[in-house]
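Quick one: structure below, then a few questions.
In order of appearance the chains are A, B, C, D and E, and numbering begins at 1 in each one.
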Amino acid sequence: MLRYIARRLLLLIPVILGVALITFTMLYFSPGDPAQMTLGEQAGAEQLEQFRELHGLNDGFFVRFFNYVKNAVLHQDLGLSYRNRQSVFAEVALRFPTTLKLAGLGVLVAVAMGIPIGIISATKQYSLFDSISMIFALVGVSMPNFWQGMLMIIFFSVYLGWFPPSGFTNFNQMVLPSLTIGTSTAAIITRMTRSSMLEVIRQDYIRTARAKGQKESKVITKHALGNAMIPIVTVIGLQFGYLLGGAVLTESIFAIPGVGRLMVDAIKMKDFPIVQGGVLFIAVTFSLVNLIVDILYAFLDPRVRSQYR
Amino acid sequence: SPAPAGDDPAEPAGEEPAEEGGEEATEPADEDAVVFVAQGSDAVTLDPHGQNDQASSRVRVQMFDTLLMQTKDLEYVPLLATEWTQVDDLTIEFKLREGVKWHNGEDFTADDVVYSLRRAIESPSVGQIVNMINPDKIEKVDDLTVRVGTDEPFGPLLAHLSHPAISMVNEKAVTDAGDNVDITPVGTGPYKLKNWARGDYVELERNDDYWGEPAKTKYITFRNVSENANRTIELETGGVHIAYDIAPNDVSKIEDNADLTLVRDANFSTTYIGFNASKEPFDKPEVRQAINHAVNMDEIVEAVYFGVGNKAAGPLGSNVAFANQDLEPYEYNPELAKEMLAEAGYPDGFDLVIWTNDNQVRQDIAEIVQNQLQQIGINASMEVLEWGSYLANTAAGEHDMFILGWTTVTGDADYGLYALFHSSQFGDAGNRTFYKNDRVDELLDIGRTSVVEADRAAAYQEVQEIIREDAPWIFTWNGEDLVGTSNKISGFELHPAGHYRLHNVVLGQ
Amino acid sequence: MAKNVATASASAPVVADKKRNQWKEVWRRLKQNKMAMLGLGILVFMVIIALSADLLFPKGFDDQMISRRFQLPNSEYWFGTDNLGRGILDRMVHGARVSLSIGLFAVTISIVFGGLLGAMAGFYGGKVDNIIMRSLDVLLAIPSILLAISIVSALGGGLFNVMLAVGISSIPGYARIVRASVITLKGQEFIEAARAIGASDKRIILRHIIPNALAPIIVQGTLGVAGAILSAAGLSFIGLGLAPPNPEWGAMLSGGRQFIRDHWPMTLFPGLAIMITIFALNLLGDGLRDALDPKLRN
Amino acid sequence: MSKVMLEARGLTKYFDVPGGKLHAVDHVDFVIHEGETLGLVGESGCGKSTTGRLLLRLLEPTEGEVWFDGENITTMPLKDFRKYRSQMQIVFQDPYASLNPRMSLSEIIEEPLIINRIHNNAADRAKRVRELMDTVGLAQRLLNVYPHELDGGRRQRIGIARALALKPRFIVQDEPVSALDVSIQAQILNLMDDLQDEFKLTYLFISHDLSVVKHVSDRIVVMYLGVIVEMAESQDLFDRREHPYTQALLSALPVPSVDIETRPILLKGEISSPINPPDACRFAGRCPYKQELCDREEPKLREIHPGHWVACHFAGNLVQTEDIIVGGQVVAAEEGEDIDIQELARQEVAPEEDILTEEAAEVEPEDIIEVEEAKSEETIITK
Amino acid sequence: MSRKPLLDIKNLNVHYITHEGTTKAINDLNLALYPGETLGLVGETGAGKTTTALSMMQLVPDPPGKIISGEILYHDQDLTKLSEHELRKIRGNQISMIFQDPMTSLNPIMTVGDQIREGILLHQKVDMATATKRASDMLEVVGIPMERYNEYPHQFSGGMKQRVVIAIALSCNPEILIADEPTTALDVTIQAQVLQLMENLKKDFNTSMLMITHDLGVVANVCDHVAIMYAGTVIEHAEKHMLYRTPKHPYTQGLFGSIPNVEENVDRLKPIMGLMPDPTNLPTGCTFHPRCPHAMDICQVEFPRITRLNDEHWVRCHLYSADEEVSHE
């Protein structure tokens, strides 16, 4: 197992390099002058030049990329933000816990809603409950997230006054964003749970369990669920990974200082080191989440366990 | 520093019965009250010489002092300098305040001023505000006297030194902070930094050693609430006490709300639609004038700004020093516009593209203008550019028409005209219309280099008339600041430059 | 001899006389799925409306008149008017074209490239597979919305770029699906049978692999159109979508958001339009999945 | 004996699997004569299909050669090999998986004609397709149906028609009837018999069902874990079972008759792993006669009677058949004699780690995950 | 009719009702299983063998399956009428079932020991430790060392898995063991081991067994009685020797003609013509008549009744209807 993890961690290196190269290339060729963007429309030519010199923007593509990688490798230094000259690493790391919390809570809500609904609707296939929960799931995926967020704010903050419309420091503030993210993710998890359960409950070993005289509820929880979990865990992992950078819209609506928003702002302001660093952070975390999911497989499934050697 | 007479903050006021508290809004809620302020973005850096963005200024202005400042009526009042005298055309001498302490306990001296000004000049972000000062001519006369000299006479020098970006910083603090200078502000202001959760909020705490009257509220927290609608909702639901930059369409929500107050006043900002005067057919003043006539600015002010602010008559808002108060806005007259176009040789109109960035208001304006121009036969379309490319491409002169804004932060005509209309300022430097008129250049130079008030006034009156006539812009809108406050708040005052000092703000019951 | 062995079969299974198309079979199954037909119906309706927008709604999408702005739904403007006095319905109907084509083209881009890359990776395996899939892993590690944002901010807005951005960011997903089904197909005996009768790689890919890999792609594509419309809406929200006055639904929705409390029609109708379209696409996608699933055959 | 049509010389195929090299087929040598049916039997996974594929060059061998009509077809350029393609065909085990579900019956049968440009115009081709359908007993009205609309027997006829389309001389029958019901199986077996007579075909008939193989084959090859353990004339093999594995296999075959008493030889142990097998007799782990030599040296295939080849160190000296052999010693079991089966069963079990790795090797962890992921992605809509 | 059957299925009808049509999987099926005997149930794909077995367990998936009519008598109670709760006490305890495919019949994420123990815990009032002990013993009984208790199914070979399945089925010492093609997925040499093992266990535990298979060779080896199924009904039911020596029904005769026999060399097989009927659209009358070489007019219209040829042999065929009087004595 340890060897497997070590191998997977090693595999991160090319991925990180690739991600760095792609973002770097994209940013390099994107139009607009970071100097102008950072210093503002009123900045003079001299200052612009000074800025470019300072951040090495006058060097060629390869020199810049090489320097970037060199600094990252030798000094664990992802550069400084153009705008406030803070270490990119520190800036991103500062926002990261919030993003993790948001993604985590969202996924938690989604799991708490999606898995039970998915199970029930699978065991009661074609029932009214099944239809209703599938429609719920469809509505969940169909509704643009930011719209849903706004409607929730109007309903829960303005009319009911239950939860504050923005921020992410105390529990009350976390409710609406987590629900916004949670419902759309729940929709995906519900569907996956349902189809995975439907697949599993057709299996012979479920019949075997029934033939032993086992209670139906136990058959579902003890025999079916465990086996249905693998694709569900995959989806949960994917969704969690996706939310790390993909919750930008929710972050904006609810004024949550997460990495996604940091990066969107940075993209707009051409604060390339931040974009670059943020993407790297997300990519690494995404890969780590994938690794964790794979390790989870091993816990869920002894067949996989025996392969991680 | 002695505590001001009057309301002693130590006296517990929170025990007042609640119903009375509603009336007596000025009564402080309690000693540890926190005033929450919402603005549309977080500060970028708390180093005054770091970034010159509004959000940062609005926070920094609570912690840093300039030598002097301008009131909302453009009068200069002393801050760290107690008095100043024009030694000659090129030099001003400042007497500094005694007994001022930095947040880190150091004494404020002339050395700090010399250091700060030189540092500001060198800063790529704010250097252009004070780069007319010759760094070698910044002299410490004695511990509390400093002379500042320019190479050429520079009329609006005091205005520039009032700019919040030219705040004084402490040399030792800056050196000690090293790389962290952006997040460890050490100023002389009424507040000091308590905590900054970047991207989210900045917490300030009263500086009890402040040289002046201490701030009335112990804590102020600036929250970053980027969605306009959310700032209003936060204000309505009590999540914040003061909300900056209320969206025009939310005005009525605040005005109609008995618990809230809308504070509004004209500011120094102007929005304009620039032509590319170096490009056919916009090189013809008749064409530009015709288009000015073709746009119904009242409709734009109504539709886009919901009546907030005023339609612009010329390049400067009427509250800016030396603004020409006699200018008339172009009359909306599409027939006339058509005639003028025909005379200029375009009876069938032509094609043009209006550029904007992804700012919703500007897009709305562009949509309307685009639509109105089509009615006089100009086939206008619009294109939204991402901010970076927008700036780059307009600086390069690739546009037909574009929409931008400008804030005359110093409140002085020079700041509002020179960069925008002087032919030495083409492109990046500010003149994105590539408008060139020798007389305008001449007059702007006079306004800038003269230190005689009357000469400057005359030059600016004339130049504004010429610019209005030449119409390198469609003169669009002069802005208005809208701030919503809870009725529990008192002592809040606007400033047309956009950065509001909050040391008089009190949170009542 | 051989003949008499075989032909003696009284109760033959379903057998047709005329040339039958398997797509007809799929269609037959699909028709039995009421929800899928509902979805299809909605989509067909939208497409028809979108195509005949100029005829049905001749006012166009940019008929401004400030004096009639913020009207609630009424007999002339069924969905009310927006902040510039334009009919919301008029805009939506014209916008249907834009939104639907964004979805369609974005998905086409990702299917074509993702499909090609996935097919190559799956078919040739080994190094080719490794290089392609590892590169796509890299792409996958960058959140798609960020990727789209970066692409649009690099290339600028505009219909084509938005489609491209949304399309590119979902390439890895398609590549994986196609690769997975190609790998499964590659191991099937009928591919080997084709080799045995001397079929070339090209023929095997074109005649045997692609038609069989189509089903999951179609399903994914249907759902992908939905995803693309949502992504485009998200881009509009961030301010990187399509330029006004183009009435793309996502742009209408995010542009109307400042009036969400003052004038509900501006967000409600475009929001519903997006929702219903995506709902319909999902219904159709799910239905197609069932109709195309060989496991459910027979 | 008629002339040799096809010859495998040291034919070998190793697959790279995570655990090492899987020896699917390991240096097998045999010949197939013109017009005969060679049966190939063995337990599942012993390399039967791989052998068949190697013969047709559907797989490139790791080592060894295949000679057809005196030509080495293994090394010749693919271009030259093309003409042999039409002479050698294959019919697969699974009539469901071996037909492209998106092609109609006529398209499937027509495809080889198109690819090999047998007829230039569509009309000729259509005529030929009809002929072929007649030949294999498919009614003309089925011309345009799709495989999923047909039962297994008819599908298998399509597979046969496709193979016949190119007028091959040699057909590999890879378990063509094992997916079929007995009554259908009999129809197909008869059909193949008829076709062989009519078109003078040569068959390699692969099956794990000994009774079927015996029924159709002239000679039989018995494989075990990638190697040939015995090879003989059909009847000869049944009469003189020389290899202990063959003995066990034949004795275990259930005979559908109440008049014949069968007493299976029960083997102990499990099949060992084909991954990196040691240089030893591959059957040693289960062999009741195992000696120390068997663990040391791999026995060579040798001819112990004319035309009867065995790969066993002790072939010829083994006790003959029909007795129950337990744990290396031979016990004559009279009818009704009580054997302690539980005791027996306990001995059968040897905890074999190898079998685990073998199974594990079949699926790569990455692959599982990837398939799962692909599945999940289908339902995910990115927001 | 000397002994009383342990389990008696009378005129059972089971349908699968789906959108595509109704599959008449079981039609008027009669079957009796006597104490201590092994009954072979033989038929081709789709004949309804598994459905019969599932009906005995009352585990026919519903939907789409529906028991339309008929009785399944077991100890004087009709299984079709019992509540789910009562059935659970019988399942796995008095009637156990082994499914066709050992590869898929075991839960891949539970240890084999726990899977055996589960049934013991459910039906026997014992504590965990005792149950674990019994489960380990069961493993030993089927010839797997108890050290492997904590291993997972994928670590076992096919034959071993099938033995685990057998252990599960026998763990509560059932009266009836239903084995649904228990060796079809196994290689012959392994099949021989497993069959031998089952034979012995059956004797030790004195269990009656229903052995479902399509392999007449297996039946000849292990069964006492044989029932031949065709299109959802038993068409011939006899003592093994009688059936093999004198098969009566034309279908049964056809089956024997279809299988190659290693013991005798025939040039050509004599297969039954045609195909199994489409179960959603069964022929009228005798379902076999379209394929029957002896079909008569009556066969097309009338579903044949049971004709008892003697105590241990009955057949559903119009050819023998006339003999009925004789057999009745």
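Convention: contacts are C-beta pairs under 8 Å (C-beta built on N, C-alpha and C of every residue); 3 or more make two chains touch, one makes a residue touch a chain.
What you are looking at is a predicted structure, and each value in this text was computed from that prediction instead of being measured.
With respect to chain B, maximal separation of chain centres occurs for E (centres as means of Cα atoms). The chain pair with the larger count of C-beta pairs in contact, out of A-C and C-D, is C-D. Between the CA-based centres of chain C and chain E the separation comes to 49 Å, rounded to the whole angstrom. The geometric centre of chain B is 86 Å away from that of chain D, both derived from CA atoms.
Centroids of chain D and chain E (each the mean of its C-alpha atoms) stand 30 Å apart. Centroid to centroid, with C-alpha atoms defining each point, chain A and chain E lie 52 Å apart.
Multi-chain contact residues, meaning those touching two or more other chains, occur in chain C at positions 5, 12-13, 144-145, 153, 156, 226, 230, 234, 239, 257, 260-261, 278, 282. Counting only residues that touch two or more partner chains, chain E has 154-155, 271, 273, 275. The residues of chain A that reach two or more other chains are 30-31, 141, 144-145, 150, 158, 242, 246, 249, 252, 268, 303, 306, listed in rising order. Interface of chain D with chain C (complex): residues 53, 56, 58, 82, 85-86, 89-90, 92-94, 97-104, 111-112, 115-116, 134-139, 141-142, 144-146, 148-151, 157, 159, 162-163, 165-166, 187, 190-191, 194-195, 198, 367, 370-371, 373-374, 377-383. On the chain B side of its complex with chain A, the touching residues are 41-42, 44-45, 47, 50-53, 123-125, 127-128, 131, 179-183, 197-200, 223-227, 229-230, 233-234, 236-237, 239, 386-393, 395, 404, 419, 428-430.
Those residues of chain E whose C-beta lies close enough to touch chain D in the complex are 44-45, 140-145, 147-148, 154-157, 159-160, 163, 187-193, 195-197, 199-200, 204, 214-221, 240-241, 244-245, 254-263, 265-266, 268-273, 275-276.
The residues of chain C lying in touch with chain D in their complex are 1-7, 12-20, 22, 25, 144-145, 170, 173, 176-177, 179-181, 183, 188-190, 192-200, 203, 207-208, 211-212, 216, 219-220, 223-224, 226-227, 230-231, 234, 278, 282, 289, 294, 297-298. Per the touch definition, chain E reaches chain A in the complex via residues 57, 59, 63, 84, 87-93, 96-97, 99-101, 104-110, 115, 118-119, 122-123, 152, 154-155, 165, 168.
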